[in-house]
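Both complexes below contain chain A, partnered by chain B and then by chain C.
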Partner chain A sequence: MTSQITTPRPRQDASRTPPSRKRQGKWWLPKPLLALPAWAWLLIFFVAPVGQVLWFSFGYKPGIFGTHANDVLSFDRYAEALSPTFFLTFQNTLWVGIAGTLICLIIAFPVAYWMALKAPLSRRGLLIALVMVPYWANFLVRTIGWQVILAPEGWLSHLLQGLGLTNEPLEILYTRTAVLIGVVYNYLPLMILPLFVAFDRVELPLREASKDLGANRWSTLTQVTIPLAKPGIIVGCLLVFIPLMGDYITATVLGGARGNMIGQLVASQFQTAQNWALGSAMAVLLMLIILLTVAVAALIVWVASRPFAWRRRLVIGEDS
Partner chain B sequence: MTSTAPSPTVPDRVDEPLGTVVLDGVSKWFGDQLAVDSLDLRVEPGEFLSLLGPSGCGKTTTLRMLAGFEHPDEGGIRISGNSVLGLPPYRRDVNTVFQAFALFPHLSVAENVGYGLVQKRVAKSEIRDRVVEALDLVQMRRFADRKPTMLSGGQQQRVALARAIINRPSVLLLDEPLGALDRQLREEMQVELKLLQSRLGMTFVFVTHDQEEALSMSDRVAVMREGRLEQLADAHTVYGEPASAYVAGFIGRQNFFEGTADAVGALVTAHGTVRGREAVPTGTTAKAAIRPEDVTVEAAASGPSGGEENAVHGRLAGVSHLGDTLQYLVELGDGFTLLCRRPRPGAPALEPGDAVRASWHASSVLLFHT
Partner chain C sequence: MTSPATTGPRGASASNATAPPTRTPPRRKPRVPLSDRLLGMWGVLVFLFLFAPLLVIVVHSFNSGRLLVAWQGFGFEAWEAMFTKPAIGNAVWITLQTGVIAALLSTFLGTLAGLALARRAGKWTPWFSILLILVTVTPEIVDAVALLPWLVFLGADLGLGIFNDGIVRLVVGHSLFATAVVSYLVRARLVGLDERLEEASADLYAPPVRTFWRITLPLTMPAVLAGALLSFTLSLDNTVVSAFIQVSGSTPWPVYVLSAVRSGLRPEIASVSTVMLVLTLGAIALVAVVLKRSGDSTTQIVRTLSGD
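Then we have the complex of A and B:
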């Protein structure tokens, strides 16, 4: 028998470098080009119209028959837009936007939680369908439905009087409350669905591990379920808040003069007054307000959660 | 589905030492399926007990009842002498290492490990010290500030282990904790886990469907079948003296012969006469089991001679290398194949196709009534 000693091969050759990225894939297209359809979509349906609105907002209404002109540029339309009526309507819109989003969140949270984590698996399809059912009807028709229900002579009013809960006919149609009811009803599914998906993705073993380690239901909810569902909660709030702020159908049908929203002001400038320049300025202001509100809300949530985050944080660092 | 109240025969408190686990006639139904069937089991403090059985035999369900995620329909469960019926998981002095690890993706390794202490409202400086200690124990200190998604399977496994022992539970439950690891890592972790257990002195209830793993690590093995306990004994007994043909077949490989006992108590089978240590009552049917390592093969000098006991003749169908042993497949006709394993040094040099004789000692024959 020959004794043979095998010399180990050098484990790493210093001259070797990672293969160049170009040769790795079979794509000869630069990767960003793959996003071309998305870029095109964004450009055509977002950047271009917003740019146009922005452009119009610096112009003026040239005469009784013209809608816009841009030969003289100024910020005058903004000064014009920031009228007392605008501020009043703005306050109203913000109130409805924030209250509506919060109410949607408060209602959707337990519903989505139950649907995703407690309801029998076999019923899920049915539950999601039920959430979506109102969407089968036209937005306007649904909203007019509430007009019928909330009318002083409507069945809700009669029912409440019949039950003796109130003596007078219901007086909430054409108020902010009616608008609030309308928007919560209209936007609730947009909150429930992302929350449902978010909760659904918090796997059962994770919640079980939490309880196993001594966390009760509440601690598991706040320390595992909600942190993991956070992206979905944020998406839900944005999905409700942003279109709600610009909504003018609900406010027109249910709000009347007392439940005015900025969306209505913008629409009336474009449609009734035919002043596209002023309407555009208002639309730009609305967008800025939405961005600002979202930023402020994010800041508030961030600041409020800092103490908790600091308390939870545990950094060990390198060996000492 | 029946959901009976805690059975009145089970007292709330029994004088048993810390770390004792007692299952007392525990049954669990899922719909009309009986997942665990009147299971009686007693795990001693500091013991390493494995629940072993094929898929679907109720191992996980048993473990989940100990952890508090499922509640028994019948019977009682005591941990350290206290009845845990109706007690939620977060109030039980047990912790679990989950099969898929179930590490919290939003927390770092250190925060995962410290989770249990945060729940107990332990002071932050103490949490830090104990987390470092637990991470050192599983050699994961270096990865303390990483997110678990950035770890390999074996590393995640260690973190899950550290997280489960940090509360110093009196009982640790492990549900196939090594199932996701490759073979080599698995064998390493088996050794580490066993060392850790003896160092901590904790009671381990370990679920596996891998018999080698169960035999190599456990003080005692509980072999389960369709929700029932088939045998509860140490590895040596389970291997050497299986309580049933089922256990014999499940633990290691077996050659089974079925037949009827003759006048002297030997089993007459289709392939020859098998005689064990004890006589089988004449006329009854029985199953004989012989382990492959107890069978010797040799080139057949002559054809089968009538009346020979504990020996069969056949043709060698194949030889395979199992590392330190060689495995011979001997075809006996009718598609019956006999397995034989011999240690590599001194293993007979035979070629497939050779006529061979396989034989064994009566002392290595296990007999089971059918």
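Then we have the complex of A and C:
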């Protein structure tokens, strides 16, 4: 069953007309030059430092007191970073990253759906504000809040003991579970907000049309709403996964020794071990892993959507 | 199951949430389907989850004990400590100074870049966009470990003494991400505006500079203001980069808290954090008001504030 629905799309681009090219030259300053300060600033303080890290990663640590040396170049630091000592942390980080992103999606999906399509319109602004507040609260401070909640003598522990669910103090702080709770909490708003925007854009007439055409609510959800919200779902997963993988604070505050993540590993190479070469290699690997996972996920989404392409086709025309 | 009576107003204003006050939704159908009620309950639970740690922090700022985590009794000692401990006042002062300077700098760089992106796209545009995306997606920890040796190199090896100054270092570290954010905001605003207004100004013989000050800048102003406030809050929040590049003596507040995580958290962390939270939320509320008054819909504001 191929349903082709065409509707005009009331997006902001509608008013854009191609500017008259011939006149542009004379009436303004050479505008590309306006970006020059930002170019220079980002080249000096972003490209150069990150390039330097890339350069360090091919070097080695010369002795106890040196931090890096580059007279012999090799990939040895990458091999060292992936040696069994550190590989566990890489594995752990990837696990937390993928599990955290999926849990965020599972928690955020119904909430965003409810906020955008079910909650009273008059209260929507308030609901969004309520999601914004924790998102903009200081990252470190809200993570400390979880340390207080999850501590063995903390609130949750007392609550669970009071309810008779357990007799012993909660031993969850400084484990991988605590880190997982922390990252899900910290990045949840980044999943809710793009999902909200996506659901908000699914025009009600489309959903009604689906109903009028005899689809039940489940089919409307799976065949109209979710396919149309797919870009938002992808954006949400990226917004959560990318910063989550590089997380340093959550693992430091809640993880302790057992909930280690790559971010801490990189930091410790620069701060305590003073092995800048190895730390740089780890930082480069971290970025590569993020890029690779995103690429693999994109491929999976693309492959998975192929077999259904012929029946889930929903064309939203740019103009009718 | 939504009836046409309840869906009418929502459908009409789905693309523009700034509904006029006259368009109040009519009374809802008395029977709400079970699935919708379950959704609502899930929503409430998630909001409780989102607010739990913030609530805990505010409550524990009234903890009279020595440690933040262990509740001893109610008291205002933590709030008094804010004024009696010079280290705390100093850290907050450093944070505020850095926030203002970083906001001004990022707004300057980002506004010009956004203008150029929106009005003078050329061969350089894709490269610049890639650079901005890279700045946005690079994990903070990578920025931090990259800037540390780089600033040491600039300050010590090249002898540029300015990079040994604590606040300069922090401003540099905080300005990168914020510049990208401001460019996105300004570009988005200008792309949505009609360029013919500026062309009309030029046709009426206004010199380019006057066109800029009288037409372009006022039209862009909401995005510029929002960008400045966002940069300010981003700077207040920045912990990881600051922790690496800070110079002892000019420790910003979040780094002070981070070192307290290792040495023992005391209740005054909670009381000062509460104050900082109020400050941040004030700035964010101002951003929302600025954007709202400039005609953005709720959805657009959400997109702006979530960095989409």
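Things to note:
Heads up, the rule we're going with is that the second predicted complex is superposed on the first by the 253 of 320 C-alpha atoms of A that agree within 3 Å, B and C clash if a C-alpha of one lies under 4 Å from a C-alpha of the other, contacts with A are read in each partner's own complex, and residues count from 1 in each chain.
Heads up, the rule we're going with is that contacts are C-beta pairs under 8 Å (C-beta built on N, C-alpha and C of every residue); 3 or more make two chains touch, one makes a residue touch a chain.
Note that the structure is a prediction, hence the values are computed from the model and not measured.
After overlaying the two complexes on the shared chain, residue contacts for A:Leu42 are found with chain C alone; chain B is out of touch. By the touch criterion stated above, A:Ser219 is placed in contact with chain B alone, chain C being left untouched. In the superposition on chain A, contact of A:Ile64 is made with neither chain B nor chain C.
If you count the residues of chain A touched by chain B and by chain C, you find the higher number for C. In the superposed model, A:Pro227 makes contact with chain B only, not with chain C. When both complexes are overlaid on chain A, the residue A:Val303 reaches neither chain B nor chain C. In the superposition on chain A, A:Glu208 makes contact with both chain B and chain C. Note: residues 203, 205, 208 of chain A belong to the chain B contact set and to the chain C contact set alike, using the contact criterion stated above.
Residues 1, 7, 9-11, 13-15, 17, 19, 24-25, 28, 35-36, 39-40, 42-43, 46-47, 49-57, 60, 68-70, 108-110, 112-113, 115-117, 119-120, 122, 124, 128, 131-132, 134-135, 137-150, 153, 172, 175-176, 179, 183, 191-192, 194-196, 198-199, 202-203, 208-209, 211-212, 233, 236-237, 239-240, 244, 254, 257-258, 261, 265, 269, 273, 276-277, 280-281, 284, 288, 298-299, 301-303, 305-308 of chain C touch chain A in their complex.
Partner chain C is touched in their complex by these residues of chain A: 10, 12, 15-16, 19-20, 23, 26-39, 41-42, 45-50, 52-53, 56, 67-68, 107-108, 110-111, 113-115, 118-122, 124-125, 127-149, 151, 153-155, 185, 188-190, 192-194, 196-197, 200-201, 203-205, 208, 217, 235, 239, 242-243, 245-249, 252-253, 263, 266-267, 270-271, 276, 279-280, 283, 286-287, 290. The part of chain B that touches chain A in the complex is made up of residues 67-69, 88-90, 94-96, 98, 100, 102-108, 110-111, 114-116, 118-120, 124, 127-128, 131-132, 135, 141-142, 144-145, 163-164, 167. Residues of chain A touching chain B in their complex: 203, 205-206, 208-216, 219, 223-224, 227-228, 311-317, 319.
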